[in-house]
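All chains are identified by letter, namely A, B, C, D, E and F, in their written order; residue positions are counted from 1 within each chain.
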């Protein structure tokens, strides 16, 4: 890393953190891993239905619709990583970068496979992200009324 | 309505309902009004932040980012209406069409205003949709593990 | 429906109607069911060509391109319903909600089938929408120069 | 132009023309300049409404919504040029390339101006395209039932 | 061409050229055929990998992902044609319109074939466009720091 | 990190690396930071032109077009991080995660500012990414013919 970049990075780290993060980059401040989870659940269901069906048209459609859903999950996960979490979270969550990296790579695996287990692995990684999000105060800070009770 | 269309409609109403609905039109069967709610909450927050700021650049950005978020809410609501709810729900929810119509029109109002109250009205309508969704068994039928506890 | 929502709805119904509807939500006021019809015609043609071909690559492409076209038809129809038609049209067209609901569900059927007849059914529903649109003054109110003569 | 490319071009020009053109690149074979015209009309109306309003929020929204509509017009025009018209049309319409080039550049002008006259110029160019399209048999060859009568 | 349009065209040709062209239509003034080339290279690679694999799922995915990539190439090429090149370039490059037309049509061919040779033909056409772009001063005028050295 | 996830991660790390990465997730294997750089250059130019102009319409357009360009840069950078780089690169580039994180956060800063210096900072970070990409053999492994000579 060049010295100039290091200096810029230093400045960034002492800049007021409240201006650096949000799901729409205003930042509006509303984040929830639930967006990624819904798409990942869709991937699991599509993979299951694919195996329950022997209609070639249906199976063809499953392939590209699952791809779209996994791409949406990937987008939501990337936004959480870059916008919701801040440098001060790195100490609290030393696995932060690694977890998100594996989650994004798992989205790619989900695209490439019709095994529902790949979607389940993605859901497990989103659960880890969800835990970090909640521990960082995500629910209180970003959702107006909390998550709706079941 | 032409006779031919009426007949087709009749046939559709007796067709097996399980093939007619899902958030990705596979149908994968995963639905949750939470997707629309997250975007609507974003609209409320953006409108609030708009009024708290006197930076013209920030305020300009709020206008078009809110518009994008309201458009996403509109899309999610439209999919719930056309894909998740079926003819047999009409008896259970006589206000079904009207509630969704007003929710979609409210998304347009949210685009056109910087008053957070417009976003709050949208949230109230999404709450009504959420109630119908839960009463129709939406949570059990469409989400793999329920909504994550708060 | 909650009382509060009922009251809001009442207010909305007496608000000046000319600000509540348009294909781009400005509202620009330009609407035409022709946008949905062009996409639906595309779906019919793709389904026909699918059956005339025995090239597996071509047939594969038909599946996902038709899906995209049906999704566009669905979007155009949803916008017409929520933005172009207003509460005062409900008396004039008691089947308004039902026709649109069936049209959107028919878009989903078009996605799921390679039978051109599904696309034809969608075209018949768009024709019904077109009639309502014209009876409500759609052509005069929303198109600058009318539809171009054949 | 390299010799190799010239040769490829020659081959292309003698290839069966029916595989080279369609609005969705299947090719489905459905084309209509009406798609571009609807977006261009929207641009004219937005520019008019912009001048009739003194609400800064409304005017702000007009700017980016018009930009989106002009971009859609640009896309529809580009597809007509590359997919609907074939080498044999060049003799029939010696201005083909030039007309389309000016129409696309006019879409850019529409983005950059709030003068409704820019949108009117675009409509005039779309009318020229429409004439070529009709003279080349566009209506009969590409639309299932012609354009709906006014 | 109508007289009125001819006159408008004349006016356009004498308008200051610096307002007529850019990859984002601001115009920002940044253009590079490299964007189209990267997508075209992706198409070639996908077609190659398709033939090296006998996994039906992988091959299915190749079909629609290549289609998306070819569509992106088509978009980038269309923007270069309409926005980067100006009337004064027509004398310098008499094949300008024809080369771009064939490049766009070749994108459609790439969509319709799994032969890597179709992608190679597209790359050859992009090379021709690249040469015109460089001869018109594209590198100096539009890229801040030139293309990064290999 | 849960034990189960750790185990899955271990398995992933010993899986054949050639299936884990590509700009379109086939994976096609074509990557180049040039895609992000072109968008970032566009952001710099738009910010410069914004300050050179006193036309309110032009300045308004600069705000949302720059936002779109920064969003594209963000997307391209995220794909490089998740798809092009593999676990074995972490030793070679210990700053890998941090550099990408700062680059993505810098895209957000570019959206929020009209200072061209923010775009320049983003370009500096893309240069760092470019160096890692080249050192990892990116040019030889992913581009068919290298980058075109200046």
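Assorted remarks:
Convention: a contact is a pair of C-beta atoms (placed from the backbone, for glycine too) under 8 Å apart; a residue touches a chain by one contact, two chains touch by 3 or more.
Since this is a predicted model, take the numbers as computed values, not measurements.
Of the pairs listed in A-E, E-F or A-F, the one whose interface repeats that of B-D, with over half of its contact pairs matching by residue number, is A-E. Counting every residue number used by either copy at the chain E-chain F contact, over half are found in both chains. Taking A-C and A-F together, the chain pair joined by more C-beta contacts is A-F. Remark: chain A and chain B have CA centroids separated by 22 Å (rounded to whole angstrom).
Centres computed as Cα averages put chain C at a distance of 34 Å from chain E. Centre-to-centre, using mean CA coordinates, chain C is 22 Å away from chain D.
Our note on geometry: chain B versus chain C, Cα centroid distance of 18 Å, whole angstroms.
Shared contact sites, meaning residues of chain A that touch two or more other chains, fall at 25, 58, 60-61, 64-65, 67, 111-112. This structure has the following touching chain pairs: A-B, A-C, A-E, A-F, B-C, B-D, B-F, C-D, C-E, D-E, D-F, E-F. Across the interface of their complex, chain B is touched by residues 60, 63-64, 67, 111-114 of chain F.
Within the complex formed with chain E, the chain C residues making contact are 57-58, 60-61, 64-65.
Chain D contributes residues 23-26, 28-30, 32, 34-35, 37-38, 41-42, 44-46, 49, 58, 61-62, 65, 68-69, 123, 130, 139, 143-150 to its touches with chain C in the complex. For chain E in complex with chain D, the residues that touch the partner chain are 1-2, 4-5, 8-9, 12, 19-21, 25, 27, 67, 71, 74-75, 78, 81-83, 95, 97-99, 101-102, 104-105, 107-109, 111-112, 121, 124-125, 128.
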